[in-house]
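Next come two complexes built around chain A: one with chain B, the other with chain C.
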Partner chain A sequence: MRERLFSSRTVDEPSRIERAFYHVALIVACIALVTPFLYVISASLKESTSLFEYPPKLVPFPPYFGHYERLVSDSPFPRWMANTLFVATIVTVAKVFLDSLAGYAFAKLNFVGRNAFFLLMVAMLLVPYGAIILPLYAVVHAIGIHDTYFALILPPLCNPLGVFLMRQVISMLPKDLDNAARLDGVSEFGIYRRIILPLIKPSLVVVAVITFTEMFMSFIWPLVAVRDQDLQVLTVGVASMRNMTSVNFGLWSAAAVLGMVPLALAFFLFQRQFQARSIAGALKQ
Partner chain B sequence: MNPINAPTPVETVAEAPDTPFAIELVGLHKRYGALNVLDSVDLDIEPGEFVVLLGPSGCGKSTILKIIAGLEDATGGEVYIKGRLANYIRPKDRDVSMVFQNYALYPHMTVAKNIGFPLKMRGAKGSAVATRVAEIAALLELTEQLEKYPEQLSGGQRQRVALGRAIIRDPVAFLMDEPLSNLDALLRVQMRSELLTLHRRVGKTTVYVTHDQVEAMTMADRIVVLRSGVVQQVGKTREVYSRPANTFVATFVGSPPMNLFSGRIDRQGSKMALAGVVRVDLDGAPPLPDGTQVTLGIRPEDIRIRPSTSPDVDVVATIRLIEDVGAEDFVTVDASGVRCIVRTTDQGMLVEGAEVGLALDRDAFHLFDEDGIRIEADTAVVAVPSDSPAA
Partner chain C sequence: MADHRRLRRRWVLQRNLTGWAFVAPVGFFFVLFLLIPVLGVFWWSTQSGRLLGGNEFVGLDNFGRILTSIEASGALRTTVLFALFSVPAIIVIAMVLGMSLARVKRGATVYRFMVYFPVLVPPIVIGLIWVFLTHADFGLFNVVLRAVGAEPVNWLSTTNALPVVAAADIWRSVGYWAIFFLAAFLGLPRELYEAAHLDGANTIRRFWYVTLPGIRNILLLAVLMATIWALQVFEIVLVLTRGGPGTATRTAVYYVWWYVFGDGQVGLGAAISVLLLVVILAMSLAVVRLIRVRQA
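Showing the complex of A and B:
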């Protein structure tokens, strides 16, 4: 019998050298990403006087919690955090609901002007945000909701990205599923709620995470739309600390670290939802 | 009329009057822009009947099913379910169940929830749903699978779950859209007989769509053959097979398909023959005028292979291909440029390339006119010879 011409290693499998190269590249990338983060944590745990000492100490010992204490008890930080969480949560919940509902309509229902409306929405994605800030402020001012929570909540709901995503995902669900539900006696809203929503859970989580993160980190619009200190959100508030306390990098770093906590929590909370049940098994393979 | 006193619009077909038919289609049309998908489809389906809509892909058979179910609107024509005009009744109120080509099971629900879903949506109580689900599961041998999700089931089991979801409501009719088309060959045969057994036990009107003529012939009480949205023939399986209405039905129904030989009628006094590539006497055929363009059809099993020198041979042909399908052979022969297939049990006696004679069974001839329409004895036009006494 003829001998095998090639070894058992297939052509696509990387060699040990290639693998080592990938690992080194990944480690360098990880260090580049994690170092600033660790530096901020480190700075938040140092007294302001020891922030610029040479050589710098990466691990402060003993850690100094004074910045955190001052932030929580002696600054409007809790108020900013509460505002941010309130606005981000309301916008996220509303957007997940409205975007999926609109996505369902665009993907599954026949109505006059469906494609034209959808194209219009997609076209909105192409308009740079900077170009619409002033007209948006004019509208918000004209309807009298500037300097209110509505100014922070309503405009972000119009971002069409979620609708676009939802429409694409729902379009991929087989038409027979909603037809079967129609024959089974489910109303149109029932089909959306009972059949479509459970099947697009991973995509809903994606929209939720994108929206929540975006809301949590948005700066320009809250800066323009709200002047009332009681309505200030985290990003604008933390930026304004520069004026309030001259430049206290330790305090700033502590604010940045505390500001990250809700996002990190949200990520760990929703992480498992990314692995929602696939739609395998619904259809003949 | 005062709207307050106006009659309540018909919402369901449940209180429909007595009618001899479960489903009636009257002049059904469907058009997508310039494309005519259905053209004047008329069909009456009796209660308990198993009707198969048979035709090639794109012939409009699934569209008929969707129009009956209310999932698509007809461009014209009427649909009656249990005698009640159903065109404007919502799908859920039409009292029909559908088994989809892609089973359309809800992937996030267990088998029990999938089967019970239609009842739940109609407001049935939890205990009543559970009881009925258990009955249906027992009927379909799914009791062990009730807590599983669709993705954990085999193709045949998923198919049964889809059937269970259709059966549980006890509807007027089941509509089945190629439910066996994606199963492997063995499972398809098994599920075919299971479906038939189920139909006989449940006794419900069933409209079944397929492009597989074997499936149609083995299952149907009546077959409706469709082509390009036009009904070609409606009849019992035997009738469609043995008296095809036109050359399309003749070649679509039956495997291998019917052999067709075209030619002109050659009359020699009272004797009539087909003169073309193949020349055969048409003694038993309805009389036709001399020179009429016709097509002679003959089923593969109605041709005998003989030695080419045998006196009863009608055509001499060359064997091009022998396909052994087990109990018989399909022999493709070339008769002066015309290919035809012969079904024979004379296995092992024939070799490719050999010259053989074909003897055609005179009682099994089918004649079609130049438009491909079947010529029946009572519709044939007899050309009266000019020298006959009647002239």
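Showing the complex of A and C:
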């Protein structure tokens, strides 16, 4: 992608005015996109009372860390964060394993009902969570896992997107690879484990990034799935801070800032895979 | 001969078992937590009564009630209006940004990071950030207005709330689609541009005659996905306006949640969910058809 961007553009070089336009558009967009974050960070470093001062201090000096201290030492926030990271990590690991397993079978094995079942999964690709929370809650209630970690971890495993992506990637690998191994007497699981998995590592990371991000952000299902205060995840907890007797805006802004940290960190580590997240949609064609 | 057949049968059986063994783990969760709930929502849309027990079959009454209930039809209208506000703006802005990202060299990495950043923020936190932008007293918008000597505005009033919620959604989504379009633009064959350039086509013509047809399918897909996501807007509404003032920003998913888990009116909630599913399915099929027609 990058090579393409920077390679020879001798014939098709944008003119000076054109390039100026692109820069102006990007700078305007960046200012509009970044300023609100800075404003919230600034608000989180002020005492709640000085938030209402006019004119506002845009750069609070000296910064006040009281909200962060209270959030970390005297609020359920650390518990929310731990729950989110715990649930998201388990789901991500499980998804990467299960999706690649199924993707391998859909791409390389032949069995009765394969195409029908795959089509069924693809057809459900776009079903929104918001539309099925009610029966999903009934199912979870019926098997008795409501108000447990299982209610947060098991239902998200149903998402067919990872299976779909894995099948696309694995079916692009040459047939001779697995056929040769099969002739050598390697079991199907051995082929999956020792030949396919090492070859699709980059795509596994993409699926992991997609799953983790989605889990970190998910809200409506955790909201209805658990009532127990000890099981609340970050998003639900932060939203519930509004319902507390009086909204403490300072505390709230600090929670917002800390809530952004994990994914921002992950983004620095896996930049390329994150952008592939945007592009994964295009694969669906 | 018979031996051979028996062997073959065993081989086929084993092949099927192996295949299903690989698919079964995901398949199990898929059926239990996605397929059954989707069927369940259709079943529930024909029921009256509460979430756990006490149901009665009422046929299509719930769908009739959507039309007669001011609240339910209002929620649908709000959702459609929201999508009409947000989707075109998202697509146009994202295309301009994606195009720009594809064409600049200096600072490309920094731009990309900043454009993408809001995408990494949970929608709940986006709603919260917008509380700090729209608050009457200390919100950034009014701070700016006061600084330039203008009257502060009530950003979350009955008339303003929905456009403001849409603006928050646009603000959050453009980065995602900008990177998406960036990838699409970079995937176009450069020879076409060189040919167009040699033919003396200017930038606007090149965009109209080369770029746009080249990304037609991807554009259709983006419009479809952005619309589907817009129809599900929930978190931003919950944090920013709680569906209010009054019912001004009560969207379909908000309404389903509020009705089912607050009010216990399961049937009506399910009927709205079915409507949502059917609309999404119809739009998806239409887009798939449009894409196929072009390829054939």
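Assume the second predicted complex is superposed on the first by the 252 of 285 C-alpha atoms of A that agree within 3 Å, B and C clash if a C-alpha of one lies under 4 Å from a C-alpha of the other, contacts with A are read in each partner's own complex, and residues count from 1 in each chain.
Simple rule for what comes next: a contact is a pair of C-beta atoms (placed from the backbone, for glycine too) under 8 Å apart; a residue touches a chain by one contact, two chains touch by 3 or more.
Just so it is clear, the model here is predicted, and its values are computed rather than measured.
Enquirer: Quick check on the superposed pair: does A:P56 touch chain B, chain C, both, or neither? Answer first, second, both or neither.
Expert: After superposition on chain A, A:P56 lies in contact with chain C alone.
Enquirer: Determine, for the superposed model, which of the two partners chain B and chain C contacts more residues of chain A.
Expert: Comparing touch counts on chain A for chain B and chain C gives C.
Enquirer: Under the stated touch criterion, which partner chain does A:P174 make contact with: chain B (first), chain C (second), both, or neither?
Expert: Touch status of A:P174: first partner only.
Enquirer: Now for A:I133: first (chain B), second (chain C), both, or neither, which partner does it touch?
Expert: So A:I133 only meets chain C here.
Enquirer: Where does A:P198 make contact in the superposed view: on chain B (first), on chain C (second), on both, or on neither?
Expert: So A:P198 only meets chain B here.
Enquirer: Does chain B (first) or chain C (second) touch A:Y64, or do both, or does neither?
Expert: Touch partners of A:Y64: none, neither chain B nor chain C.
Enquirer: For A:G185 in the superposed arrangement: first (chain B), second (chain C), both or neither?
Expert: After superposing on A, A:G185 lies in contact with chain B but is clear of chain C.
Enquirer: First (chain B), second (chain C), both or neither: which does A:Y39 touch?
Expert: In the superposition, A:Y39 touches chain C alone.
Enquirer: So chain A touches chain B in one structure and chain C in the other; where do those two contact lists coincide?
Expert: In chain A, positions 278-279, 281-282, 284-285 sit in both the chain B and chain C interfaces.
Enquirer: Help me check something: in the complex, which residues belonging to chain A touch chain B?
Expert: Per the touch definition, chain A meets chain B at residues 174, 176-177, 179-186, 190, 195, 198-199, 277-285.
Enquirer: Can you tell me which positions in chain C touch chain A when the two form their complex?
Expert: 15-16, 18-20, 22-23, 25-27, 29-30, 32-41, 43-44, 51-52, 93, 96-97, 99-105, 107-108, 111-125, 127-133, 135, 137-138, 140, 143, 146-147, 171, 174-177, 179-180, 183-184, 186, 190, 193-194, 197-198, 203, 217-218, 221-222, 225, 228, 231-232, 234-235, 238-239, 252-253, 256-257, 260-261, 266, 269-270, 273-274, 276-277, 280-281, 284, 291
Enquirer: Could you pull out which chain A residues touch chain C in their complex?
Expert: 1, 4-6, 11-12, 14-15, 18-19, 21-23, 25-26, 29-30, 32-37, 39-40, 43, 51-52, 54-56, 98-99, 101-102, 104-106, 109-114, 117, 120-121, 124, 126-139, 141, 154-155, 157-160, 163, 188, 192, 213, 216-217, 219-220, 223-224, 234-235, 238-239, 242, 249, 252-253, 255-256, 259-260, 263-264, 267, 271, 274-275, 278-279, 281-282, 284-285
Enquirer: Chain A touches which residues of chain B in the complex?
Expert: Against chain A, chain B makes touches at 66, 69-71, 91-92, 94, 96-98, 100-108, 117-118, 121-122, 149-153, 155, 158, 165, 182-183.
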